[in-house]
Amino acid sequence: MQNAKLSLSGVIAPIPTPFDAAGEIQFEALAQNLQRWNQSDLRGYVVLGSNGEGVYLDQEEKVRVWDSARQLIPSDKLLLAGTGCESTRETIALTRRAADVGADAALVVTPHYYGPKMTGDGLIQHYQAVADASPIPVLIYNVPKFTGVNMDAAAVARASQHLNIVGIKDTSGNITQLADTVRQADPEFQLLAGSAGFFFTGLAVGAVGGILALANIAPEPMLELYRLFLDKQWEAAADLQRRIIPVNGAITGRFGIAGLKAAMDMLGYYGGPVRSPLPQITESERQVLKTILIEGGILT
Amino acid sequence: MQNAKLSLSGVIAPIPTPFDAAGEIQFEALAQNLQRWNQSDLRGYVVLGSNGEGVYLDQEEKVRVWDSARQLIPSDKLLLAGTGCESTRETIALTRRAADVGADAALVVTPHYYGPKMTGDGLIQHYQAVADASPIPVLIYNVPKFTGVNMDAAAVARASQHLNIVGIKDTSGNITQLADTVRQADPEFQLLAGSAGFFFTGLAVGAVGGILALANIAPEPMLELYRLFLDKQWEAAADLQRRIIPVNGAITGRFGIAGLKAAMDMLGYYGGPVRSPLPQITESERQVLKTILIEGGILT
Amino acid sequence: MQNAKLSLSGVIAPIPTPFDAAGEIQFEALAQNLQRWNQSDLRGYVVLGSNGEGVYLDQEEKVRVWDSARQLIPSDKLLLAGTGCESTRETIALTRRAADVGADAALVVTPHYYGPKMTGDGLIQHYQAVADASPIPVLIYNVPKFTGVNMDAAAVARASQHLNIVGIKDTSGNITQLADTVRQADPEFQLLAGSAGFFFTGLAVGAVGGILALANIAPEPMLELYRLFLDKQWEAAADLQRRIIPVNGAITGRFGIAGLKAAMDMLGYYGGPVRSPLPQITESERQVLKTILIEGGILT
Amino acid sequence: MQNAKLSLSGVIAPIPTPFDAAGEIQFEALAQNLQRWNQSDLRGYVVLGSNGEGVYLDQEEKVRVWDSARQLIPSDKLLLAGTGCESTRETIALTRRAADVGADAALVVTPHYYGPKMTGDGLIQHYQAVADASPIPVLIYNVPKFTGVNMDAAAVARASQHLNIVGIKDTSGNITQLADTVRQADPEFQLLAGSAGFFFTGLAVGAVGGILALANIAPEPMLELYRLFLDKQWEAAADLQRRIIPVNGAITGRFGIAGLKAAMDMLGYYGGPVRSPLPQITESERQVLKTILIEGGILT
């Protein structure tokens, strides 16, 4: 374990993993996407989080993707590796492998299969055990819409006392919980808003940044929102916040990752297909998405 | 129907209804509470909303309470009457009676018993029918935690086109939805945050005020938060927002209305018992609540 | 309070309330429907339960409907009045009025507006208070799909110790809970299956009968299923059970009460419109429903 | 793909995986447990389903456990391997490995991480793809309490048309859905009740057997219930059904797998600890469990 001071401030993109039609990882496409994102002021990347279809890669594939990404991500940008598995032991093993290939930190989703048993104390002990064993700092990843589990502010606060548990991506959208996390957690603990839909309000209650799917296709608007906030131009930030909601809704809730990838294709990135069993976007959905992107000023 | 321009900006208290141990309404206690609240800068009151145990009063009792409250509420403060019933026709009838005794507007909860059928179009038609028939402006009351029904931003926006539907109290805590309501709704439509837990962030995305249970026992901190926001003292507002969360949680979620009333008793208002079947607060819960009020700076 | 021995065994129809296009109660239509149902072996009727749109009638209307129905229901058939309100006091008052006009028992839905507070002890005390004050026996009505509240077997069992709490309509569809209710409750307590979808299995674990929306349009198949069960012709009963599922699904979940009423219209009863805000059935939905009724052998 | 006729009729135990305090698999304990179970008339075993903590083993461990179990399971008893992963491709790969070491069939849990996208068509295509590629028959595993996903009867029925999709374990407890699955599915398709709480009623609507956690600690009562059903002794079966509910509730919902393992320890099997992050049973919970086992006649 190292001293955990790692600044997460800014905008981080949870990048999708490029596949071809057979579902094989396209490393060249990953490189091209990263080279373009690297030109922005993004603080870094989550590699193999929910948007990266991390649950669809086997452990060897995961390590190869992190390794490859690390070659392409400059050292001043963060590589956060999505290393959470259901068991504590497998999470530790995978986190160590991510560290070995150069990940800056691990983003560890709450275990959730036995959801009714995944309550405060058990979750805290899981994160403490992972953090004890991890060579790199650990972030909690709270995403109830996928896990059915919510780690509340009190539990997060207790976990935050561990020197190697340095932050949380909270995707719940429960802004009261985000504010309460800032209130209760260790002062050094860093809160990251988990969706562009509440990036501004997350910052307003004390988040230091965001991990935002929308940053994949619209890094500049996300960075602009962040700068407006830092510059105390709140009315402008609120206005931008409101404007990006429909686009964000389309590539997260409504069309999901298939929509995010389709948007990337439209914008000159490599998006490509999703792995099965996620359904591909249909042609009619693609047209709706295109209209939303144009209306949102993302696509011209 | 009148021209609907009615300013809802500011802090509104959804007041509890005083009962004695037998469950009888205590009008004198209501008067005493209102006289004290009237000395503050509260914009007005919701009478017989969720915190007023409105569902526990029969229709004649409701009219008597509104009538009595109107005598005690100065004309420059709002009386919003909670008039929503399950049927459109009964909601209209009750709204007219509220108007007859001087209510400034009606706060109409989403019908919800047949929840799976209470979707966009049906809800919109309900509100349009009520607004057509109502002599006073109508506000939507969206409170999924009690109703199991959520009226989304798109449906609210369509309802907002009606001249006599002037605003919404949104208690969902879904800050993305609040922001999206402001984006999509008619520019004259007024959004009110429905809980002190997200009052500040609600304002930040465009709410004009809040209807806040916490304003019953802590009107000054709520008014202070509102003023800090208007004065663009955002860090101070965010700090105050975070500090009031545990107190607000105690008198809403954790101990509910029985807790709110117990807090009022501690603070020199008349709180008193709740009507059955709501459970009374226990003595040990009362002690916990007292500690939370002291730690929150509400009780000294 | 009387001695509570009232046999609920058999098939009970929770009848819809006839309205005209303006939403006015059609008493003549109610009479005609009842005269036809009376010719069957139905054990009785629930008047103003969920299928009766009870929440859409005001208290005076309710009493008039019960009074009118009682004139038309022979004394050997039961009139169960849906008298549950949110408050204990209003439930008691309405139950007494139902008793005054001749209801045989009261079917009291779990209070639910303050759902998170409607837990075991509070619910039990509510039912005990109502049963203490009621001149007629009381049945619990557990219907989580509408209330969001589930009264579990342990709580029901405790309530069942009261001499005047004689049974439950359980609509949860949780067959383990139904079996456990029989196991834990007082031996005299009577369990009624709350939907035709699990009438047979409810009987199999100890229910004495059912309160079944489907009995409104298909009393004979429901009575046939009941007789098959009593005659221990289980394979035939199971077969009939499976066959009626799609029809039952159509008039409960999918098209709801508007569908039930449309089916009644097709079958020569008076169905008519639902009260607002329930949406009327559309013409295309009516066609789908007709096909389902024909395929299910209900309509020829 | 082979011809899929494989009889699943009877009682199948979804066995737990023995670990030591360090979380290492105890193969000798597995052998001892199986030798004892083998003396009963159990139809077979699920190895590495939910009760086997399958999500906590890595892929190599899984294959070793199946391989080891196959050596110990006589050829006239079934080995169903829990092979479901989130991705279609990994599920196929793991199913092939299970087949290689002698599994008779694969029990494939519904993918669920991207729950809102795991709807009818996507799920059907997933199962078809797995069944196309699998050398052994495939069973669907529907367990909403852990996955948040429910595969409804219509979707199951469509999947059942595939010759290599031979059955389903439905743990939903929705008895109407179980009956409807029998009605809609291919006549050769075999339904298995997923919990002892509704084993009898599942059989009554057409299930051919059950996969029952309770069979691990009480195989004889489960086999007795099955025989009573086949012998048309329904009242006795219903009575036994009701009596086993509290024991079953204790080792599934209330205390979960840690409770199941503790019960095994009390009964002379090897139970042992659960893997982290599942919490171990506490000493006071163990005492409560013991009382329940004694009252249920499982422990003397």
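Residue numbering begins at 1 within each chain, and the chains themselves are lettered A, B, C and D in the order written.
Keep this in mind: contacts are C-beta pairs under 8 Å (C-beta built on N, C-alpha and C of every residue); 3 or more make two chains touch, one makes a residue touch a chain.
Remember, it's a predicted structure, so these values are computed and weren't measured experimentally.
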Other chains in touch with both chain B and chain C: none
Taking shared residue numbers divided by all residue numbers at the interface, is the value for chain C and chain D over half (same) or under half (different)? same
In angstrom, rounded to a whole number, how far apart do the mean CA points of chain A and chain B lie? 36
Roughly how far is chain B from chain D, going centre to centre by Cα mean, in whole Å? 49
If I count partner chains per residue in chain C, which residues reach a count of at least 2? none
Taking the complex as given, what residues does chain D use to touch chain A? 23, 50, 55-59, 86-90, 111, 113-118, 121-123, 125-126, 129, 145-148, 253, 256-257, 275-279
Help me check something: in the complex, which residues belonging to chain C touch chain D? 173-176, 179-180, 182-183, 195, 197-198, 200-201, 204-206, 232, 234, 238, 241-243, 245-246
